[in-house]
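Consider the two complexes below, in which subunit A is the common component and subunit B and subunit C are the respective partners.
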Partner chain A sequence: MKRRSINSRAMNVLAFAVVIVWLAPVAWVMLTSIKPTMLINSAEPTFFFFTPTTEHYIEVFTRFRFGDVIVNSLITVGVSTLIVMILAFPAAYAVSRMGLMSGDFWALTVLSLRFMPGVVVVLPYFKMANSVGLLDTHLALIVVYVAFGLPFAVWILRGFLLDLPREVEEAGRLDGFGWLRILFFLVLPMAAPGIAVTAIFTFVFSWNEYLFALFLTLQKVTTIPVALQKTIDVYNVLWGSLSAGAAIQLLPMIAVVFLLQKHIARGLALGAVK
Partner chain B sequence: MTVSLRNLVKRFADGTVAVKGIDLEIADGEFLTLLGPSGCGKTTTLRLVAGLEEPEEGSIHIGGRDVTAVDPGDRNIAMVFQSYALYPHMTVLQNMTASLRVAGMPKAAADEKAGVTARSLGIEHLLHRKPAKLSGGERQRVALGRAMIRNPICYLMDEPLSNLDLKLREHMRTEIKRLHQKYKVTTIYVTHDQTEALVLSDRVAVMNKGEILQVADPVTIYERPATTFVADFVGSPSINFLKGDLRSGVATVAGRVLKVARAGGDRPVTLGIRPEDIVLGPTGSGIFDGAVAFVEVYGSVVIAFIEPKDVGGLLARREFVAAAVDIHEPIAAGDAVGVRFRDDRISVFDAGDGTALSC
Partner chain C sequence: MAAEPSFTGKRHAPLAAHRRRVAYLLLAPTLLVLLGLSIFPTIYSVFLSFRVDPLYNPKVARFIGWRNYTDLFSDDRFWNSIRLTLYWTVVVVTIQMVVGFLLAILLDRKMRGASVLRTLIIVPVFISPIAMGLTWRFIFEPVSGLANWFLSGLGLEGYSWLSSTDTALGTLMFVDCWQWTPFVALILLAGIQSISPEITEAARLDRIRGVSYYTRIVLPLIRPVIMVVLLIRIVDSIRFFDLNFIMTKGGPGSSTLVMSTYDYTFFEQGHLGLMAACGLLMLVLVNLVVFVFLNTLYRSEKAARRADMK
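Here is the complex of A and B:
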């Protein structure tokens, strides 16, 4: 009993240390985003005793057009996530239940598309987008994000669906349910935590994506990661603006994780990523 | 409605033959149980009847109609699953009325029918709860209600009581029996619990390795098992097997004539004797003597496990002879006893293939 309590205390200390290591940069960014420029550039770092400022937030919205940039990110990432989920759910069901491309070989083959480094295909994508006039449009990024997000979403959802009790669907078949009714009235509600987790992952990957956004956008549809980079030029790094932009990029993610943490924990425990 | 399975064969993708050419006729209103150990093919057979699996060979007829290629939802059968398989996000009422609503029944009529069914099962107070808020017994009743509400022509039950504790299982067993007596709907019930099979069924089909070994009423299954497997699987504590010889139609064990078997020919045989067909007396009074190694109290009876003395190689499978003794009889470990059998109750099996020779 005593040993267990010592062990659990040691685990707590370790967990706390890990959390500090993970959160320290985030806290640093948050603090820098509200610190006056003079203090940011001072040789002595200041952590607590300063008057917070909104100057950097105002700057990213005025000078770096973050209003438009956030809308661009929300459109491309939101629409692509929605399309990915609409396609991935029936696809994952077909894979996990209907014997279509079932088995680990196919699952890994599909997943391996996700392993492919983006830099391998970014130039062909750029050429293609340019030749069909999609450069610097939302659609170009949406297409790419769907192409890259779909295999991963199918793979992760397949894990969730395989964990669902098959008997419920069989009971549905005996009750006279057709495939679509089984899919949307039985499987969809049961798989909701898994779908939420998959959607969050898909959203996060696209939300943070930099390479394709850099190549396929010029001015009009720039997303947050690309806009952040514009706070760094040849002569200068605008740490305040960079931090404010990074904080803006982080906040929706943190909000989503806090709001859906119950689903995420359940989803992670249920699915293939456990 | 009658159900008939004709030469049913089911092979799985990995090459396993789960069902090997089963032929079975189930009469209208009959309660038939498929009994057997795990992996014997009983659940697969039930799933074939349900339409959840497709047979490689053979056909399934329900009420005279060939339903082999008919969708499960169009067979007008209802199934109760081992895990209950209730729709977790729906209330009990929605669970029960789902099939009626899919079939196009208006909500008011479906709800009214659910109310009537729920009352007959004593679950009307649960109608607006979700399955997660129900106990195991309540879930079981809801699963039964969901099956009953459709007025199916046949019920299929796949180990529906195995997730319940003993008391509740006995209670629900009686409930299922009562419902069957009342409505007389053809029922195919799958279980590995021989007590459940004997208590509930009009007939029991004992299965092993994808084949049906014997189909008969519970008394025949218990008293006249067709093979040593059936004899061993049915009955608790297990039947005793002794090595014997058949000479000129007479079975002998340890030099004593025990029972006349109808089959002719001289051959080694296995004799099956139920624990309650063993009579214990003073040493020297029986076929052989032995010492009580230990006893197990079962309630009304005590099972004495006896180690035979001076008759080596007598027992065919186990090292003790199990004898049922009335709870009021004084018996304890270490007692020396003489062991005798009720000759007319002994089953005789071929020692080679295990098939019954006596009638």
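Here is the complex of A and C:
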């Protein structure tokens, strides 16, 4: 009995140690982003005891126009997420509650889009955007993010809607409510948490997206992932600026992880687990 | 009572028709978006793949039949990229599944702070491969990087990691596993924790614990979840682009040139027709693997489950 408790304590320590080591690279970016350049480039790494600096953050905002870049990301990601949710909610309701199209059909659609190699569709998108003069505009990227976010959002939201009790809708129908009123006044408030989770997932996908942004933006509307790469494309590699930019990109995602918590598995496993 | 069914039946028929109309109306925008932005581009890609279509000289664009495909089939680098992609997929998915399962067991413990650990470990999954890929390049930088400093602390020689053909692929695999093992762990953990307490209790009463609890009770029960994670990881490893592009761009030489980065080289050279053809072949490969997966592993899993029920 005693041996087991020692063992179990050792396992607890191991669990903590593994997680800390696993996240060390993330901590390292944050640390590097506030470290003076001289210390960053030295062969002997510095972990503690240095005077923090904001020089890298100033550099990314001036030299690499991160102010504009962040705004670009927020516009494309924000607007596309909003459109996705406006379209996905009625669609998810039609699929989950009104008996239109089987769950299998949607599973197949979602899977085939989820599994579509980006390099296959990015070329048609590039050519289409180019021929209608939409290259390097917010609109092009918004359209693509809506296309990729929508089926996925319908799928996650469908799972949430299936979990809602049917009684409220039936009561509404007996009271003579039409479909639209049932949808927006009865179902929408009940589904609010599920809608929020779905919206966050949609946001994350577009926030981290790189390939489409790489093809469809040139100068004016580059998003954060594309701009990050530019800090290291120049002559000498600016690890400090890169880390500051990366930290700006990472921090909202860390917040998202804590916001979503127990809903994460459901969203990532395409509804296979709850 | 006897008249009742036909009565409700009649009243329901127009209601059902109305209901269908509303449902289609609610779904219509989504279906249009799918048609216009997923199905149409794929067809357009097929069209492009039969053309020579130089990016910088669009005037000479014309149909050339199967030439793009035959060109690809006679290119050694094409076959190399397929071999490398399959090798990559087998190695990283195996590591991620095994380590992910161990990590899930480790985090399945009841202890103070466990829920914080379970949340923290997910962070890598939500971080953009671009931000982290560039950070890893800094860590694997030969002179000022942490990796070589760590090795020298152990009294070992440093490596040039990403810039050597011997180590570039392994380094990429390491980073990919760093990012995606937590994804596997998270979903397996969700599966493990959805096992009903009665089963866990029964196992405890039967003195099944420790390793045998996980191999004899947990593994068979979470088989469906394992199948889903496996499928997602296999396909994502075949499609794998971001990390590779940002860390090595297929190099040095062609030591990390997997299919998607190979495909991208055609864009850089401006050969849009070849890029379309290569992309479609990649789509074929993905579908082939999914088909084989569903027909072998998934079917045997289903059969096993049916046997369990008997």
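Points worth noting:
FYI, the second predicted complex is superposed on the first by the 228 of 274 C-alpha atoms of A that agree within 3 Å, B and C clash if a C-alpha of one lies under 4 Å from a C-alpha of the other, contacts with A are read in each partner's own complex, and residues count from 1 in each chain.
Just so we're on the same page, a residue touches a chain if its C-beta (ideal position, glycine included) is under 8 Å from a C-beta of that chain, and two chains touch if they have at least 3 such contacts.
Computed from a prediction, not measured in an experiment: that's the story for all the values here.
By the touch criterion defined above, A:104 reaches neither subunit B nor subunit C.
Using the contact criterion defined above for the overlaid structures, shared-chain residue A:165 touches subunit B, although it does not reach subunit C. Contact with subunit B, but none with subunit C, is seen for A:181 once the two complexes are overlaid on the shared chain. Ranked by how many residues of subunit A each touches, subunit B and subunit C are led by C.
The interface of subunit A with subunit B does not overlap its interface with subunit C at any residue. Here subunit C touches subunit A in the complex through residues 19-20, 22-24, 26-27, 29-30, 33-34, 36-38, 40-42, 44-45, 48, 103, 106-107, 109, 111, 113-114, 117, 119-132, 134-139, 141, 143-144, 146, 149, 178, 182-183, 186-187, 189-191, 194, 224-225, 228-229, 232, 235, 238-239, 241-242, 245-246, 260, 263-264, 267, 272, 275-276, 278-280, 282-283, 286, 290, going by the rule given at the top.
Remark: subunit A residues 165, 167-168, 170-177, 181, 186, 189-190 touch subunit B in the complex.
Residues of subunit A that touch subunit C in their complex: 8, 11-12, 14-16, 18-19, 22-23, 25-26, 28-29, 32, 40-45, 87-88, 90-91, 93-95, 98-101, 109, 113-121, 123-125, 127-128, 143-144, 146-147, 150-151, 154, 179, 183, 204, 207-208, 210-211, 215, 224-225, 228-229, 231-232, 239, 242-243, 245-246, 249-250, 253-254, 256-258, 261, 264-266, 268-270, 272-274. Contacts from subunit B toward subunit A in the complex involve residues 50-52, 71-74, 77-79, 81-83, 85-89, 98-99, 102-103, 146, 150.
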